[in-house]
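Next come two complexes built around subunit A: one with subunit B, the other with subunit C.
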Partner chain A sequence: MSLFGSLGISGSGIDAAQTWLNTVAGNIANMNDTSPTDQATYGEQTPVFVPTATPGQVGDGVTVAGIQEGDTTGIIQFDPTNPQADAKGEVRVPDVQLSSQMVDMIQAQTDFQANTAALADAKTAYQSALTLGT
Partner chain B sequence: MIPAIPPIQPLPPTPAGGATAGSGGGFSQSISQAVDQVQQSQNTASMAEAQAAAGQGSVTDAMIKATQASLETQVTVALVDKGVAAFTDIMNMQF
Partner chain C sequence: MDGIVNALQFAVDGVAQQQQATANNLANADTPGYTAQDVSFEASLQQAIDAPGGGTASVIVSADPATAASDGNNVDTGKQLVNGQEETLQYQTMVDMLNAQFRLISGAAGGTFQ
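And then the complex of A and B:
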């Protein structure tokens, strides 16, 4: 670990929160997708966070292990005016709930802010260490 | 009986490099290494900032690297100040 380890740890947390915000934005953007009923639709994306840990030691923060893709079955919706509609006038739409995405977004934002606050406090602590003995 | 006073030994010759190569070498060497490292982190920070400005790489990464370079500079400056203060204290010593 380098001299300023906590800066890197907080940085990895900020990166993870940014990834989370990106997936939420992608989910909201694709909320109104449609696809033919014989095809899969957009699956809700969720990032998977795992610790960058060495056993028995202070870790190096968090990494995004991957993006989990949710159910691509979606919901069958009646929309006969859609050009993708089948003979019964049905299309497949993603199973993405705006309310849960908004809650996820608030959580991701708080995650980002918490990591930023931890970074700022670490910086203040390092600076106050330099004033020792003066 | 009082023993005879031994003759005075001649002083050893002064080393060729003078004070810089002798006792002062440790401090100046470590400070110059620290300054080199500070320079390296500032280069890293500059590269990260250029990448962030060009749309590649993240802004947070650039800011963190800049913070790290700034802190490293502060540490080095504080150490140099302490060392110079110690030297000045000894130079001002009254005999």
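And then the complex of A and C:
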């Protein structure tokens, strides 16, 4: 256990939540991308969370092991006015659901807040420890 | 284990570890397959205090037995947030008691009691 260990743990949780918010923002920003039907489209991004742990001891926070890219096949859509449309007037669009992105966003936000609350608790406790012997 | 200062010192360490576990559980609140950690030292400390001739207390880290959700994660965010608040108050109380002990000692040693 490092000195002020809780602060680093909550920090890792905040970082993870921030990464999640970033991927959600990216997914929503690219929701309406189009690409020619003979090319791949944007794949929904999801962060992969992995606990940082030593067996038998209190864990050491969370890390983002990577960003998982979803299906790039997307959906074929009829959009004849799009300059990228093929001979049949079709384009490829990403398979990103706004509803699930919004739910993820709320979850990421709650995570962020919970970690901030834990950080504030730890800070209060450590500050009181600094009054020892004074 | 004997002496109020020793017991308080051990308890402060124990609560600090509980707080670390709470922070870790919250950091992993959305990690698939994560099992929450519980830290306990109270029973062990009580045993050590009661033991004739003094015993040794230890801090025990165990897995939270709560049922996991569909993604294999069993962190209860509400419970962890409450634990965090409680641990902070416990920590502050014990630091206050340690400071009170130190004031007594310094008073007995010829200093002031405040």
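Things worth noting here:
Methods note: the second predicted complex is superposed on the first by the 128 of 134 C-alpha atoms of A that agree within 3 Å, B and C clash if a C-alpha of one lies under 4 Å from a C-alpha of the other, contacts with A are read in each partner's own complex, and residues count from 1 in each chain.
Just so it is clear, contacts are C-beta pairs under 8 Å (C-beta built on N, C-alpha and C of every residue); 3 or more make two chains touch, one makes a residue touch a chain.
None of the values given here were measured: they were computed from a predicted structure.
In the superposed pair of complexes, A:V62 makes contact with subunit C only, with no contact to subunit B. In the superposition on chain A, A:A114 makes contact with subunit C only, not with subunit B.
Residue by residue along subunit A, subunit B and subunit C are tallied for touches, and C comes out ahead.
Within the superposed three-chain model, A:L3 lies in touch with subunit B and out of touch with subunit C [touch as defined at top]. By the touch criterion stated above, A:A87 is placed in contact with neither subunit B nor subunit C. Legend: residue contacts after superposition of the two complexes on their common chain; A:Q18 is shown touching subunit B, with no touch to subunit C. In the superposition on chain A, the residues of subunit A contacted by subunit B and by subunit C overlap at 10, 119.
Here subunit A touches subunit B in the complex through residues 3-4, 7-8, 10-11, 14-15, 18, 119, 123, 126-127, 130, going by the rule given at the top. Subunit C contributes residues 12, 15-17, 19-32, 34, 37, 39, 61, 77, 80-81, 84-85, 87-88, 91-92, 95-96, 98-99, 102 to its touches with subunit A in the complex. Listing the residues of subunit B that touch subunit A in their complex gives 58, 60-61, 64, 67-68, 71-72, 74-75, 78. The touching residues of subunit A, counted against subunit C in their complex, run 1, 5-6, 9-10, 12-13, 16, 20, 49-51, 56-62, 107-108, 110-111, 114-115, 117-119, 121-122, 124-125, 128-129, 131-134.
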